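The structures come next, written out as structure tokens.
Each of the next two complexes has subunit A plus one more chain, namely subunit B in the first and subunit C in the second.
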Partner chain A sequence: MNTRVLRTELKRSVAPWAGAVTLLGGLAFLYSLSGPWWKGPELWTAQWTSMAMWTRSMLVFLWPLAVGLGALQGLRDHRSKMPELLTSTPRPAWQRAATLSGSTALTLTSGFGLFVLVGAVQVSFSAEYQHLGWLPVSLVAGLALVAGAVLGMGVGRALPFALTPPALAVAALFVTAVLRMTLDTVPPSSSLPIPVALLSPAVEGVRQVLLTFSASVHVGQTLWLLGMAATGFALLAAATPKARTLALTPLLSGAAVALLVLPAAPRETYVVDEDAAARVCDGRVCVTKAHEGELAYLAGPGEKALRLLRESLGAGAPAAIRETTALNSPLEPAERSRTHVIVDFADEAVSGARGEELTRVLVGLGLAPTCSSRTWGSSGTDAEAAAQSVAAGWVFGDLRPIDGTMHSAAYQMKKARPAWKKLKALPRAEQHSRIKAMRAAALSCEAQPLEALTGGGSR
Partner chain B sequence: MRWTALYVRSRQVPASLAAAVVSAAAVWALSGGGSADPRLPALVLVAGTAAGSIGLGGQDLALDRTAAIRWAPRRAAHTLLIGAVAAAVLLAVQATGEEAATAAFVVRDSAGLAGLAAAGAVLFGAQHAWTLPVAWPAFALFTPPGTGVPAQVATWMMQPPGTAAATWTAVVLAGGGMAAYTLAGPRR
Partner chain C sequence: MMRAVSAADIAPKAYAWEIQATGLKVRAGAKRMAVDGLDLSLGTGVHGLLGPNGAGKTTLIRALATVLRPAGGSLELLGEPAGGTGGHRELRRRIGYLPQEFGYYKRFTVREFVEYMAWLKEVPDREIPGAVQRAVERVGLADRADSRMKTLSGGMVRRVGIAQAIVNDPAILLLDEPTVGLDPAQRLRFRELLQELGSDACVVVSTHLVEDVAAACTDVVLFAEGRLRFQGTPDGLAAAGGPGHVGDSPLERGYSALLSDSGQGRGSW
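Entry: the complex of A and B
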């Protein structure tokens, strides 16, 4: 295909529109709305994998539009009443099909590529952890747009009616709407069988930074999309009804193979990215590689908090600080440890605090670890925040609320002050054993730490 | 009568009508006979108006314009009928099962979407008119719920009936789209 043909093709088709819709539609959605992609560590411009996932999640509406615009493209020859003329030329039909689908593929991939580039430029400045593990996510997304558009073209050519493009677009919209996976469970799953849900080219945003797709998901989706593109191309080039029927083979076989390859269980679909979760340490303070940049402000206060904990707890004190790498399910308690202070950057009490304030938070987490399950971007319950503020106050000598939790300072103080007064009224040795009881209660996750602090110790 | 029959045929109304009925029945069957989710009735109305929108232009626009008949009232009636038929199909289908959408919801959405389709026909031609009434709901279907006025305007077809911002958006779209189409006709 030489450039002159391509230029003419671009001028005389909806291909430039398809590219523009992909780029501007995605950007408009992300920038004009405030959603979970602007919040917390899952911010779409914070990490490479998050960026790839959030940009791909836009396929939920971009893909149906690509299918519809492709169908419009496939109808063009019929609309200009020239198929008869074209069949009389000696040039093979697949060459014309290649020109038509090539131009649309070019604009769609450049549109989506630019969209990803907008995110990539921002990520390359902000992320400490540079890697290429996100590329398959975006490559499959680009392939999905091209395959959808080519399938649309093929169907448009096979069924040359004005009704075809809107019908295809609405049907594709219905498919992506029905096949959405839910992020409310961990790992994300679906009410439909997982392999069927994974046939949708879109993904559901990001729930946890360290989660990514397993290799079999990429392989299965690629096979399915290649089958889809092959069917579209064959329909575009087919001239006889028999050839059109045969053209459906790649789509069906692609679907069949994909359903076999795609994982059946949620835990095999989303996996913890081992490279991103690798531990990076500064002394006794460890974070994941994905959050290497946070180590700069965490290390100093971390060491100080560990020293203070050692002084106040003695031999049983946590020996190190590390970031959680567990899947945080809303149904299960958060990760806790007797030997480590576990931090989670989704908790704004940690990620928002610096210096002395952060030391307080870490001491609080060391003495009364958060055990309540985390829902999206939240910290622990109000009672836990109050227990942590009392614990930190006991070490530092003055009671102050923990900033950055979902619970207001006044509300925390209302809960914390009575416990604080009771604790301070006790002799020093008794205070010590109450603090230890609170830590044990929080670690076991079975009793309320504040109750253990005030009265539960005498049980 | 003869004129109407010819007009209906030239605007592919039977095919559109069949597509609207089939898509409504398919959505309803797959959703298990209605649920409280406002996205399903909205999707049915999108399918109905998108199917109807292909008839907003004839086979030969230049020939149409030479006809010595007043197009304006006919165009207005056609736009109104697209909305009315989409609404009627949805109401008929959901009459067989549990009621998912109230009449106010259906009237607001079908009027707004029909206006959007008419605007699409004026801007891009009848063949491409469906892009607007499909693209906006596609965008809105997946928008996270918000309470501000901009969010209500962006997701007007999903808001509960009686939401002022959503109703006014639908009124503006219906009025504006219909007026533009009535006066200007489809783009050539």
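Entry: the complex of A and C
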């Protein structure tokens, strides 16, 4: 490939714009809006996979832009009235197509690469867990941008009308807006067949830091995107109607093969990253490898909480603390265990507390495990927080609210204080059995722990 | 700057005529046979292709540029049959073409555009910068070489069109209405350039300006209704006319005389 010509295309085609839009569009969106990518453990610069997923989620609008800009580029020959002159030249059309699509591919991947790099530099300083498992997520994103732009060029050349670029961009936006999965359910689901939803190059962002794509998702999407790029390229180089029709073959066969390769079972799409979820323990306190850094402040209070639980509950007390690795959803009960205190760093009551206060939270979780998950920007129910504050208060001897939920201290106390007074009025042995009843109610997730505590509720 | 002499330049020609058409038929669109049974042999020199509007000049030039495939007869360019299947890759490297409607990329600079065209014509990479500079200088645009195409006047754009056509030192140079948009001074300069180019290439210039032909062409091809009407020197064309024919100059009168036989060029526009 002639470097002068490539340099000219890099300067004069849509290539520089495509690169700039990708880099600046992505950064502007992430930095100018306050979204879940700025909060809690899902912070986009906290973990490698989170960074890869959040940056790729920007494809929701970056991909349609790439497709539209590609189509705009595809119109150039027609609008410049160049085909006559081009037909008389000896160089094969595919070489021209390669220079044009190559220059845009170069700037798109550079732009997106820099965008990822901005995140990567921050992650490399902040993350304890360093790995390369995130790389396929970003590589497929880069491929998607290139394939989209090349397809746009091909279609723009085959259908050289002024309306082609906007129509194509809107169609692409439709794809990223409609073909999607929701992580709000366990397992993730979609209103469309799962493999069809996975044809979208965009992703849903991060709801749980341990979630990543399964290998078959990467493979299926790669095949689909390669087919798309091949069709775009063939359309760009095709001269006859017959060649244009033939050019659709890679797109269709890529889609067909991808639909076979992409997982149909929801549990095989977004999966728990086994490496990231590997257990790292300090004594009886265990977290995932992804959160190894949190062990430093969790281990001490954790050990103390386990001792206090053992003293108050006796033989039935949880024997260890571990971080949840289950898929969770605001619509489903959180993971609970009779033998373990389950913590979730997305629960700000846990991730926001230190020392004595953390011990208190862990004791509360041990005696009245959370049923409505305190993640996803939700804070569980106020009754659960109140039950935990009463439970912890019973062990510590004084009633204090649980911090880190959106239920204010006063509000929690309004619920907790009557229960607390009722509980304290009972004989010690009765208090003990009420606490156990509350724990059983919380574990079952069927009864209100606070009502179990006061002996009121139905059972 | 001198260009290296390549083997192709000094090799003896294996053909008698750069362009040789026998019974050539070329369609314009789906139905109309715009070139209909043309016999024509053109060698080195400047050939002025004259004819009324609709005579099939542009169709003929497009066929010579290998853009249109002949519908019948035979066409040999540089000794190679043009019109069969295949990309004519070797042949196209040695053709220069300025279409009647010259399209260009507006965002490119003059140099970038001519470079791009040189690349498309498969001029060897290391020769491109020199060839581009020479072509741009020959059309007098050296001082605008780094201006964007969209900032140029119509005449300058036309000159870029000529520059891209000659950048590969073509053996066959096809110029369809090259003088449109050129002012009188530029037209004079262009005639000189044509004469230079015609010394070692077969240059075909389609025009409707008879005075261009008189000044720059070694040979006149008069073309009407898809057929050859006259081929000869400008003087020969002038000699065909008499005082009774329409026209302000001997050439114009010759032109009218040769066309009047068929009823063309007279009466209506």
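Assume the second predicted complex is superposed on the first by the 447 of 459 C-alpha atoms of A that agree within 3 Å, B and C clash if a C-alpha of one lies under 4 Å from a C-alpha of the other, contacts with A are read in each partner's own complex, and residues count from 1 in each chain.
Methods note: a residue touches a chain if its C-beta (ideal position, glycine included) is under 8 Å from a C-beta of that chain, and two chains touch if they have at least 3 such contacts.
Computed from a predicted model, the values in this text were never measured in an experiment.
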{"item": "Partners on subunit A (subunit B, subunit C) - clash or fit", "value": "fit"}
{"item": "Touching partner for A:G142 - first (subunit B), second (subunit C), both, neither", "value": "neither"}
{"item": "Greater residue coverage of subunit A in the superposed arrangement, subunit B or subunit C", "value": "B"}
{"item": "First, second, both or neither for A:L163, with subunit B first and subunit C second", "value": "first"}
{"item": "First (subunit B), second (subunit C), both or neither touched by A:F174", "value": "first"}
{"item": "Touching partner for A:G70 - first (subunit B), second (subunit C), both, neither", "value": "neither"}
{"item": "Which superposed partner A:R91 touches (first subunit B, second subunit C, both, neither)", "value": "second"}
{"item": "Partner chain in contact with A:G366 - subunit B first, subunit C second, else both or neither", "value": "neither"}
{"item": "Smallest distance from any CA atom of subunit C to any CA atom of subunit B, in Å, after fitting", "value": "8"}
{"item": "Touching residues (chain side subunit A, partner subunit C) in the complex", "value": "2, 4-5, 8, 11-12, 76, 80-92, 96"}
{"item": "Complex interface listing, subunit B residues touching subunit A", "value": "12, 15-16, 19, 23, 27, 30, 39, 43, 46-47, 50-51, 53-54, 126-128, 130-131, 134-135, 137-139, 141-144, 146, 151, 154"}
{"item": "Residue numbers on subunit C that touch subunit A, as the complex places them", "value": "62, 65-67, 87-93, 95, 97, 99, 101-108, 112, 115-117, 119-122, 125, 128-129, 164"}
{"item": "Of all residues in subunit A, those that touch subunit B in their complex", "value": "14, 21, 25, 28-29, 32-36, 60-61, 64-65, 68-69, 72, 75, 79, 161-163, 165-167, 169-171, 173-174, 177-178"}
